[in-house]
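We call the chains A, B, C and D, going by the order they appear; numbering starts again at 1 in every chain.
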Amino acid sequence: MTTPTVTQSNSQTTRPRIPSRWERLRDSYLWYSFKRDHTAQLCLAIFIGLVIVAFASPLLAPTDPYDLRQIDIMASELPPFWIEGADERFILGTDAQGRDLLSIILYGTRVSLLIGFGAVILQALLGITFGLMAGYLGGRVDALLMRLADIQLSFSTLMVAIVVGAVVKATMGGAFYSEYAIIMLILIIGLAEWPQYARTVRASVLAEKNKEYVDAARVMGLRSKRIMFRHVLPNTLSPIFVISTVQIANAIISEAALSFLGLGMPETHPSLGSLIKSGFDYIQSGSWWITLIPGAVLVILVLSINLLGDWLRDVMNPRLYKG
Amino acid sequence: MIAFLIKRLMHAILVMFIISVLAFAIQDNLGDPVQQMVGQSVPESEREALRERLGLNDPFLVQYGRFALNAVQGDFGTSYFYREPALDVIARHLPATLELVFASMLIIVLFSVPIGVYSAIKPRAMLSRFFMGVSIVGISVPVFLTAIILIQIFSIGITITLFPESTGWGSWLNDFFSTEGNMPSFGRGYDLVQVFGHWETNLATWNGLQHLVLPSIALASIMLPLFIRLIRAEMMEVMQSDYVKYARAKGISMRRVYFVHALKNTMLPVITVGGVQIGTMVAYAILTETVFQWPGMGLMFLDAINRADTPLIVSYLMIVGVIFVVTNTIVDLVYGLVNPTVKLTGKPA
Amino acid sequence: MNATAMDLKDANLESVDTPTQNEESADSLLQIRNLKKRFSLSGDFLEQLRFKGGKLIRHREYVHAINGVNLDIKRGEALCVVGESGCGKSTVARTVMGLLTPTAGEISYAGQRIDNLSSRELLPFRKRMQMIFQNPYASLNPRMTIQQTLEEPLRLHHPDWNRLKVQEKVQEVMSSVGIDPDWGKRFGHEFSGGQRQRIAIARALAVDPEFIVADEPISALDVSIQAQVLNLLMDAQRDRNLTYLFITHDLAVVEHFGTRVAVMYLGTVCEIATTATLFNKPRHPYTQALLSAIPRLEDDRPQHIRLKGEVPTPVNLPSGCVFHGRCPYANTRCRQEIPTLVTQLDGTRVACHAVEENRL
Amino acid sequence: MALLEVTNLDLRFGLRQGEVRALRDVSFTLERGERLGIVGESGAGKSVAAFSLLNLVGKPGFIAGGSITFDGLELNSMSEHALRKVRGNRISMIFQDPMMTLNPVLSIGEQMVECLKAHRRISSKKARAIALDKLQQVQIPSPETRLDQYPHELSGGMRQRIIIAIALLLDPDIIIADEPTTALDVTIQAEIMALLLDLCEQHNVGLILITHDLGVVSQVTQRMLVMYAGRVIEQGLTREIINDPQHPYTQGLINALPQMATPGERLNQIRGSMPSLSNLPNGCAFHPRCDFINKANGEPRPACVQEVPEFVDSGNCRVACHMVAEMQEDRRLKLEEIS
């Protein structure tokens, strides 16, 4: 309501200063609200921290959990340091195979993040391409793609992922599946969740396409490809940006769910989900930490992404999943 | 109305066609039925003859046609593991899943509407902020982890020794935060009541209900916050609309403004989203059933996958497809009844 | 000059099908002949299904936005098209500019048919015809600076120009609409509505067009800003010898701005006249009602002609004269026979049976 | 004592960037059965003024000062519960866009009956009868069937008629109409305006008409206020202001109308545009656009730049301008020159 407008009076005498890109960012509402929102700051710090720690895990982790020689089966199910019977070598205790829980969590977070990012990149590629095609070409292409997306969505993305995962695993055999689990999971989650992107992109393309600046570009004589990429696409970026955060969180949860069902990462190269699964078998015997500590890390990771997404949505205020 | 139903029917046929093709492709690729039937020792020539007899050498389309024809008549083949018709196996497991899903839907509906409406009407109140905070945490905790936490707290029990046991208040606090853990967390319990046929219910006995508590809370835990947030967002948007402002200007009571003018418009998009989420419920039911060893369709499906029990996998997919199509149709019908601007003959808005 | 004008006239005579359309002469820049445009309302095949009388039938509904419009726009004039919402005036503008493809009919620009050209063939015409839109908040790309917005048409239509020349032209056109060229690095949202509309006008003027379609260019603006923009459009017309097709619902603006006026109702033109004639002596009953409905400062009480009922939807068009349902002079002929534009003694063309029969 | 008396109304919006003052020192009165026009461009605060009378300005807006007295009741300090008995009952409203005003999921009848039942102890049957009678008064064809229809089945003009009927349901003392015809077509506009005027006269209902259209104001109202950047800058009898505006802004507004210029000639425009409320110039908010000060000697008066002008009597109106005396002098000189 109160956009500062350029006043024309005296414009001859005072030369207007052109703000640089950095100044624009600094003056932008995005930056303004980030500066005031402590939750957003904390979440970004946690998220970036986790990403750095996870990807630097080979350097930071006390042991290499993938190296079988470093594992002592006698030291299994040791509790974390604050509980009686802890071993000072293992701050967060050990799992049922005697692996250092801290190290394996660091490595597991890396696997989870890798799959999360990979799957979202794949989703985005598929979803944006199909969404743009559907929104801009319209007609039969649109009807076909969107009907497909609707059917897939009505089955829920997780359901699709479980079914595809199950079928792929059954046809290819468990050993093969385990070997290529990261790629498999990226493919499965990426294929399962593209409709979210496609629908968002299509909706905002349709909204933008009807705006008069697109008509103006057409009247100018620009070719439709240029209109699509130079005019329409840049204006659909903010909703894409917002759902990307949500989608990363979803992809990480989906991966954890698949791994928990035994359709994901093998226990030799566990993700957070498979750590929770392997720990669950020992929860009845009182070793709650094997499952709940990785669970806590997963929750913190997903929660910080979700809160960031919430904040972004409030700031950018795009109308998602509508129309 | 009739045109609407015909349209839905054509849509349903399309969906079921796609699912059946997929399901059939799975069946075609997963394992070798001949091997399942005769074992390793039979010579290749005999197997070939068997294949020919079973029609496994026919073209894909012919095989699919046979499969579809059988499926329409309710014949999805025989489960390898249970050695009985797949449909019977499913029918035995279906009630458990349905009861679980209905129990958590009840929780979702009972809690999401009042909490969502309250936090939309009073967005700045402490309680609404608390609800919103809890709901975003709820979304971020995967269903199976919620289930595990519930088991740890209410089934295994936790003993807190954080406060000094020597002092009176310390031991009181320790006792207060510690839990006994006597809630059942495994299966459906022992005294199920048979209603008819395969239908055994948890709802008739105290023990059965107790077994239902933790699984249904776990299953509701991810949808409930989602719906609270959705209802809140929609309601806040509706509250900004001209017609709500106008309703206030007419001098009618706020209760009527909230619950007649605003809520009815809020529920329209919620119904649509709710229809889509039924699919997600079925997916999460698989996870919940796994954690609680709940003998429903989800657990059965996972077992079938691990045992490569193809007919069971295929029939599970087909049945889930039917459930989705039916629920989506019901949701569309309800939407059309609630929303006067949608005529069921025309295009749904 | 004279000879070419004669040639053009001959050429026109040949392409015209009905004798009533002959009045317009060779100096017309744009010719619209029997233009029709309808939009489908029915969606895809599944959505077209209806159940009627026990049988499943395919039922398609259309919005008949324009039904046989003939217009000639003369070089140097401002032809205003007025009408209420849904009368098809914007559809005419958008069809002329090639944003919509006509269902039937022809559009010729300077004697050449343009409605059936490919976008590549249309390119030279794009330079000569430009358009100004209604909503200044939506007509500038929010992700582009003013400089980029104005450079884009220049780079497209003058690929041979160097950077400097393009920038010079941008500066010139910005000054000419009263925007300081130094603001070029700013984005559209940093300007007020009136300034944005100036920028949109600058974009249209950048390629030095000779013909501009203005679709309600001032109706989204405040009164004091409307005057500024209207002045700017008139200055531009004088300085650049522009021809306007000006779409509006505001008759007060028409009276001030237009050379000639075409009044539209439900997709058809019911009266065309010079502005002075139309305002002094409106012939068509609808024009009369429309004129009497303008709230004036002078009189105390509105003495407007009350029309019965509401504008029918363009989905199911009335038979005969589209206005007969609301017309106080309608008779059986009006309900059955569609009136055509008939030229009056003073050159006004009216499509009304009552005027034709001197009942009015 | 006037029926409605607004004094020094001060309304603010608490925004993240700070407080924005949407209304400052707004004062006016309305007699029983009188028709008052509030004129201004978008952002002048005219709609906010209308909504603030019944405390309907949504958050983050709040009334920071002033008083609104209606028939001895102090509306400003009333509880929400007490205010509800005034809303729709003694003061009713007509909103701008009839397409958005009626609730899409409730039938016309429901929306009319609920209003009656909120204020009267009355049976549904009786309420329906009253609703039907009001629908007949607003000349809706086949009113009985309308009661069971939903808003989307009716055209814009028809919906605005229904909203007028709802406004009249409880025979109010005042109707506040916020741009009631802006969203409608020209011919429908004229009909709705004529209908509203007839009904107000017939039932002796006061009307506060918010509009940007000087033509409408001049035809319908007896007195008018002109608003600019959250303040009233001129008020008086409509006829007087239209014929002889005193404030340079009002003059500019009237002169900018196309009908005030010779066809084909340039219009008399006002320079620049209305400042945003969060960034008002000091002194008279209009001074950067004011032609009169600049005409005088190039430099604006220190008073115009520094002080907010007080209301002074000028001609037959009251006007908030430092330059009134000079302008009148100027005009007198011109008249002498001519004669």
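What we mean here is this: contacts are C-beta pairs under 8 Å (C-beta built on N, C-alpha and C of every residue); 3 or more make two chains touch, one makes a residue touch a chain.
Everything quoted here is computed from the prediction, not taken from an experiment.
J.: So which one's got more C-beta contacts, C-D or A-C?
T.: C-D
J.: Specify the chain with the shortest distance from its C-alpha centroid to the centroid of every protein C-alpha atom present.
T.: Central by C-alpha mean position: chain A.
J.: Determine the centre-to-centre distance between chain B and chain D, using the mean Cα coordinates as centres, and give it in whole Å.
T.: 54
J.: From the C-alpha centre of chain C to that of chain D, how far is it in Å?
T.: Centre-to-centre distance between chain C and chain D: 33 Å.
J.: From the mean C-alpha coordinate of chain A to that of chain C, what's the distance rounded to whole Å?
T.: 49
J.: Could you say which residues in chain D touch two or more other chains, in rising order?
T.: 271, 273
J.: Return the residues of chain A touching two or more other chains; collapse runs of consecutive numbers into ranges.
T.: 3-5, 8
J.: Give me the residues of chain B that touch two or more other chains.
T.: none
J.: Residues of chain A touching chain B in their complex?
T.: Its residues touching chain B are 147, 151, 153-159, 162-163, 166-167, 169-171, 249, 253, 256-257, 260-262, 273, 276, 280, 283-284, 286, 288, 291-292, 295, 298-299, 302-303, 306-307, 310.
J.: Going by the contact rule set out above, which residues of chain A touch chain C in the complex?
T.: 3-6, 8, 11-12, 15-16, 18-19, 143, 211-213, 215-224, 231, 234-235
J.: Enumerate the contact residues on chain B facing chain D in the complex.
T.: 240-254, 256, 260-261, 264-265, 268, 338-341
J.: Residues of chain B touching chain A in their complex?
T.: Chain B residues touching chain A: 14-15, 18, 26, 29-31, 136-137, 139-145, 148-149, 151-152, 156, 275-277, 279-284, 286-287, 290-291, 301-302, 305-306, 308, 313, 317, 320, 324, 328.
J.: Which part of chain D faces chain B closely enough to touch in the complex?
T.: Contact set of chain D toward chain B: 54, 56, 58, 80, 84-89, 92-93, 95, 97, 100-107, 114-115, 118-119, 150, 152, 166.
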